[in-house]
Amino acid sequence: MKLVTAIIKPFKVDDVRDALSAFGIEGMTVTEVRGYGRQKGQTEIYRGTEYVITLLPKVKIEVAVDCALVDKTVTAIREAAHTGKIGDGKIFVLDISRSARIRTGEPL
Amino acid sequence: MKLVTAIIKPFKVDDVRDALSAFGIEGMTVTEVRGYGRQKGQTEIYRGTEYVITLLPKVKIEVAVDCALVDKTVTAIREAAHTGKIGDGKIFVLDISRSARIRTGEPL
Amino acid sequence: MKLVTAIIKPFKVDDVRDALSAFGIEGMTVTEVRGYGRQKGQTEIYRGTEYVITLLPKVKIEVAVDCALVDKTVTAIREAAHTGKIGDGKIFVLDISRSARIRTGEPL
Amino acid sequence: MLHRNGNLALWAMGLALFATPVRADDPTLNAADTAWMLTSTALVLMMTIPGLALFYAGMVRQKNILAVMMQNFAVCALVTVLWMIAGYTLAFTEGNAFIGGLDRFFLNGLTKDALSGTIPESVFMMFQMTFAIITPALITGAFADRMKFSSFLVFMTLWSLVVYAPVCHWVWGPGGFLSAAGVLDFAGGTVVHINAGIAGLVCASMIGIRKGHGTENMAPHNLTYSVIGASLLWVGWFGFNAGSAVASNGAAGMAMAVTQIATSAAALAWMFVEWAVRGKPSVLGIVSGAVAGLVAITPASGFVDPMGGLIIGLVAGVACFWGATWLKKTVGYDDSLDVFGVHGVGGIVGALLTGVFAVQAIGGEGKAGLIDGNPGQILTQAYGVGVTVLYTAVVTAVLLFGIKTVMGLRVTPEEEREGLDISLHGETVH
Amino acid sequence: MLHRNGNLALWAMGLALFATPVRADDPTLNAADTAWMLTSTALVLMMTIPGLALFYAGMVRQKNILAVMMQNFAVCALVTVLWMIAGYTLAFTEGNAFIGGLDRFFLNGLTKDALSGTIPESVFMMFQMTFAIITPALITGAFADRMKFSSFLVFMTLWSLVVYAPVCHWVWGPGGFLSAAGVLDFAGGTVVHINAGIAGLVCASMIGIRKGHGTENMAPHNLTYSVIGASLLWVGWFGFNAGSAVASNGAAGMAMAVTQIATSAAALAWMFVEWAVRGKPSVLGIVSGAVAGLVAITPASGFVDPMGGLIIGLVAGVACFWGATWLKKTVGYDDSLDVFGVHGVGGIVGALLTGVFAVQAIGGEGKAGLIDGNPGQILTQAYGVGVTVLYTAVVTAVLLFGIKTVMGLRVTPEEEREGLDISLHGETVH
Amino acid sequence: MLHRNGNLALWAMGLALFATPVRADDPTLNAADTAWMLTSTALVLMMTIPGLALFYAGMVRQKNILAVMMQNFAVCALVTVLWMIAGYTLAFTEGNAFIGGLDRFFLNGLTKDALSGTIPESVFMMFQMTFAIITPALITGAFADRMKFSSFLVFMTLWSLVVYAPVCHWVWGPGGFLSAAGVLDFAGGTVVHINAGIAGLVCASMIGIRKGHGTENMAPHNLTYSVIGASLLWVGWFGFNAGSAVASNGAAGMAMAVTQIATSAAALAWMFVEWAVRGKPSVLGIVSGAVAGLVAITPASGFVDPMGGLIIGLVAGVACFWGATWLKKTVGYDDSLDVFGVHGVGGIVGALLTGVFAVQAIGGEGKAGLIDGNPGQILTQAYGVGVTVLYTAVVTAVLLFGIKTVMGLRVTPEEEREGLDISLHGETVH
């Protein structure tokens, strides 16, 4: 199994989930993160002071899939999360050496 | 070393921690995440509108352990986090190719 | 590629970012987590009751880097996040078997 | 002995407010009435800031909370200045049946000793100002999450002067044609609530639905704020309704009592209906019901007795539940925070039921509704409602159309997605 | 010249309220008194919503915040209707020494011109209603996080009519036996605080401890809310205590002054004791101390001078700290938000110390405590406390037992774990 | 007939408050004035808790929110007790031109029937107490996030007695030398705002900048709280300014009106200037503008007409924007929440402009400024400002220096980094 991990723009979560459901991937885990990268941050102004918010809100999506599905998953995420603007995010694939479903104890 | 990663129900965190302490694992990192899976979400109602909350609150637990302890760790988490109801969560084991303790600089 | 993952003290985030920028690493993802370890927690008191907060606020930093840069990255994080006090945190290096930039579709 | 609490004199003054020029014949200051009206003014201001601002802010998504509060706060400042310049004089000085004159342009001639009935004119002007503030503030709920702030300011400026001031004059100003026609509106059912409710409906329709409406999760971010807001609206409404007696006496006391009763009845009605229909009694439901009751009792509060208040409240709770759920869904407009469903529907219900439950024992000679032998009052009330609905709807639409043409009404899709807090105001709730 | 500020007349009225039927001999409306009582009514309503709702909501875990606010808001609406129907008449009309009559059933006969002392009866009824609202609302803190909402509504309905109304009649109603016995309770030490505190203790005991009590982290989610709540309680309490003078005069002013002083003294006392005992002065501590002071000065506020207030406050701060920490821990009940520790203990301390510090220079002829040469007053006070404690404890237990048998008191363990916001009301704070 | 609303008598009383001992010749209680002053007292208390506490708490980082609220709440309790013991007597009894006497030590002799003008002395004492509370509370914004709580309590104790009480005596006490010199300060421009603003500047300078100032992100955590706070300040300020008429009449009404107008003008001015200069109108900007307007109109509120109020507001909005942005940045002190930029600058602007816009038609015989033919008043005002600035600056510095030497002013760097909530009070907002 592989753990496909993607950092995406927050408003793309639903699109990604739908794209994955489309070929039967019905589970994922979502984390609110903040990202630092080429996308330049927003400026907040409070009276005399400006703060450049360099850490921008992003969402991390983790999906465990069979090795056979990795390509499809990566492509699906890439397409669903794509806007073409800087800050769209990254996808990393990690190896899962072992997995288990807690309810049943069996591997996924 | 391995990184044992578990997605569990939030109210099981203390149980899992106690189960791990029981055989000497004294460190872990906890993240609030939201999970999408077979467990169906809750419905929130606001005046004319219902929102089905498909992303349910979960907790991710990460524990770095020696390879020798992986079995014991996985079993301990599984047992402690088990309720038998849908939504109990998953365990994934990843490889750690290198580790360091920041305070001392030594590997764990 | 490798995913260098560090659990550090929250107020060290800016220092770590600066240390990484210093040799050209311009991207990272930051997550608010809580950590359990040797560092003993704070006690909160509410009328008749004391709660020991064993899960302390930490920040997880994830940086994807070329294998060649792993050493430099680990060292930079270790030095920047170091205070010498208990609770400084850990660094884990994971393998990335594949990566993609969503905007362009190319690997990093 | 009659000089200060003589019911006759006070009563004349009370009537005077609604049927004739506000300056009564006997120009004596009543310090006690003044004390209550100073207090009422503070209470009604509190209804808008922070009351309404919180009530609305709690219902939007986190990224728009500050923008909602900004709109309410800015309306408060803006309308104050407009009211000083032209609003007050257009609404409350002698003019014709449709609009006042310019005698009090820039409050010219409003001296420290000028009286309005038994209270200083400065206090009367201030009390009425707080009504002129909350009315446009109510509308902000209809276009929450998507209106440009600059267009918002222009719209509010024009609406205050072109819609609020005349409608206020018709009902409460000297010689207004609706008051002459016998329309009963004790504290602002038509002037405030129907007016704002209809304007909100027009705004919601013309600005269009929120991006993601019906597909994205737009659950309220923090209903704690809405409960605080609704509570402060409730408390402040004592100034609104009991203050509309413009005196510290039994009329004020009775207005306070029926307000409390109708509000509670409506809160319970909404709660139980929702419980029956949807399976759970919600917090947003009970506070919405309370506001519905406050709205509906407003026109009636000086004319009905406690039993009348109870029934008006029960009807309003059910009707506004229907307005904010079934009606909105069926028609399909996106009135984000139910300005029409609560204030429009509640205001109309209240105005009509005033024609049913008004009794002379409370409102005085000639203020009778159906149950006091004057069924015709219902038609008079319907006439008042109809005229207000028509005028507001048309003029609001014209104003919005003009602004849309000149400068646009709506933020860009990116700004809307990012949230108005950061895109319009450069700030966020962290 | 004597007709309106004649101290004698006013004074007679003040006394009348506590010792004899509320209708005074001289039926003249005093508009100034009315202005202050209208204001006081608004202030006391603000104590419950949003004051108490926030005070309590800030102390629970995030998953139960809305449920706590819901309970307070719903009690407000519910008791209003009950008070209109039967509560007011049972408490405040002529009946026997134990309960009033039905003269004002559904507020029948409460006309616009009816007076109660120098103010409209509508205002008196409303002012008293706000007390009838806050008393059951206080109890909600005892069973926070675990009571079924339906059972809650049933319990509150019964408790209002079967416990609050009679106890109120005994102390403040015409012919009530506790007032006849000379028990002094200016603004509700027994009627409100001991009553609620004891009922809370019984509730906490009978509903059982929260799941996870003592093992899980149940730290307050957002004490900011509790500070806002405590602040609004403090401000609103001026209506509670100074309003209980039912007049706008030196008695009201002095009640306000001693309230402020006792509250501050108690806040500082709790803060310093906690600092000494536990090492840090906490925010929850200082606001709890303030509430303890407000509670303890309540029965005394019309009878003691500033020095008396200072001492009562100091004692209350220390006693309630002890009640909410040592006592609770030792006995082991789970009174979630310390209704008994603060209102029960504070109310008893205040009632007894009223018997010590009452002076005739403040409270008038015959209202003397130990330091004014009447040590027997302490026993009279203890008698009042004892009777109230006994009656409330027994009847509350019977009511709860009945409800438990018929419909259950408590949510399921799953609902409790999920949190009442989502499980009972289908909403969450995001 | 003249006995109660005779303008002459009331007027004399009004003047009396500022120019001569507070006890007027004709010792008759006016119940209506009393009703308004009881209300005003509640309103001004609400300004500090929860108003100011929230205004400030919303601007700090999450880790310091409770500590900010704690400071405001503790000041409220602390100053109450100090005022009872010595503050009131030092400020308001006969003494010399610089300080009062000890006649009312521990409020000795303040009976229930004692009058101050037309209201009970207890009420006057309470009203003034709320001013004595808010003034030091304002200072807390200057050293937010870094002061030791113990040192804070000591500083506030000394400052209240050694700075506030005398300055208050100079301006409002019997025989105070600033009032004798003809300095006009209706509701506290010098006594409250300049006093607090300058003390804040000294505090910020002496305690040093926050760790991370200028490098770390110190964005306000939750401006929702600040908007609630600013709104409650606005509403409560009606008690502050209109209450300073110490009567329920046209003077109070006019003070309320000019307060509302100046506040709104300042809010809009700040908003538009910021929009022009920085590209976006911010929520923090508009609420800061409103507070700036409230501050600036304070000294003028009983002396200027609506046009005067409008101009004062506009000037204050621009001046305080400049104070909180350019001035602070240029000089480089870290006045965390702009106590000096808003209250110092706004107070000085207001005091001087009172000398420009005061007209006898509002303030009465002899209260004239430049536009009413008395240009010299500007110099008199400048004299009042200068004396206050000098005294406050020097004495505050001496007090801080002493405390620093004896016990230190500042928390440790670790405590500052962890946040004061957990390190000083053992609590957090979750």
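Labels A, B, C, D, E and F are assigned to the chains in the order they are written; within every chain, residues are numbered from 1.
Just so it is clear, contacts are C-beta pairs under 8 Å (C-beta built on N, C-alpha and C of every residue); 3 or more make two chains touch, one makes a residue touch a chain.
Only a predicted model underlies this, so the values are computations on that prediction, with no experimental measurement involved.
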Shortest walk length in steps over touching chains, subunit A through to subunit B: 1
Intercentroid distance (Cα basis), subunit E paired with subunit D, Å: 33
Inter-centroid spacing, subunit F versus subunit C (mean Cα positions, whole Å): 46
Touching two or more other chains - residues of subunit A: 31, 44-46, 94-95
Per-residue overlap in subunit D, given as positions that touch at least 2 other chains: 4, 30-32, 35-36, 39, 219-220, 278, 280, 282, 284, 426-428
Which pairs of chains touch, using the document's own definition: A-B, A-C, A-D, A-F, B-C, B-D, B-E, C-E, C-F, D-E, D-F, E-F
Subunit F-facing residues of subunit C, complex: 11, 14, 42-46
Touch list for subunit F against partner subunit E, complex: 3-4, 28-32, 34-36, 38-39, 41-42, 45-46, 49-50, 53-54, 57, 65-66, 69-70, 73-74, 76-78, 80-81, 84, 106-107, 110-115, 119-123, 125-126, 129, 149, 225, 424-430
Contact set on subunit A toward subunit B in their complex: 1, 3, 17, 26-31, 64, 94-103, 105, 108
In the complex with subunit B, residue positions of subunit E that touch it: 216, 417, 422, 426-428
Interfacial residue positions of subunit D with respect to subunit B in the complex: 59, 217-220, 278, 280, 282, 284-285, 288, 324-326, 328-329, 338, 341
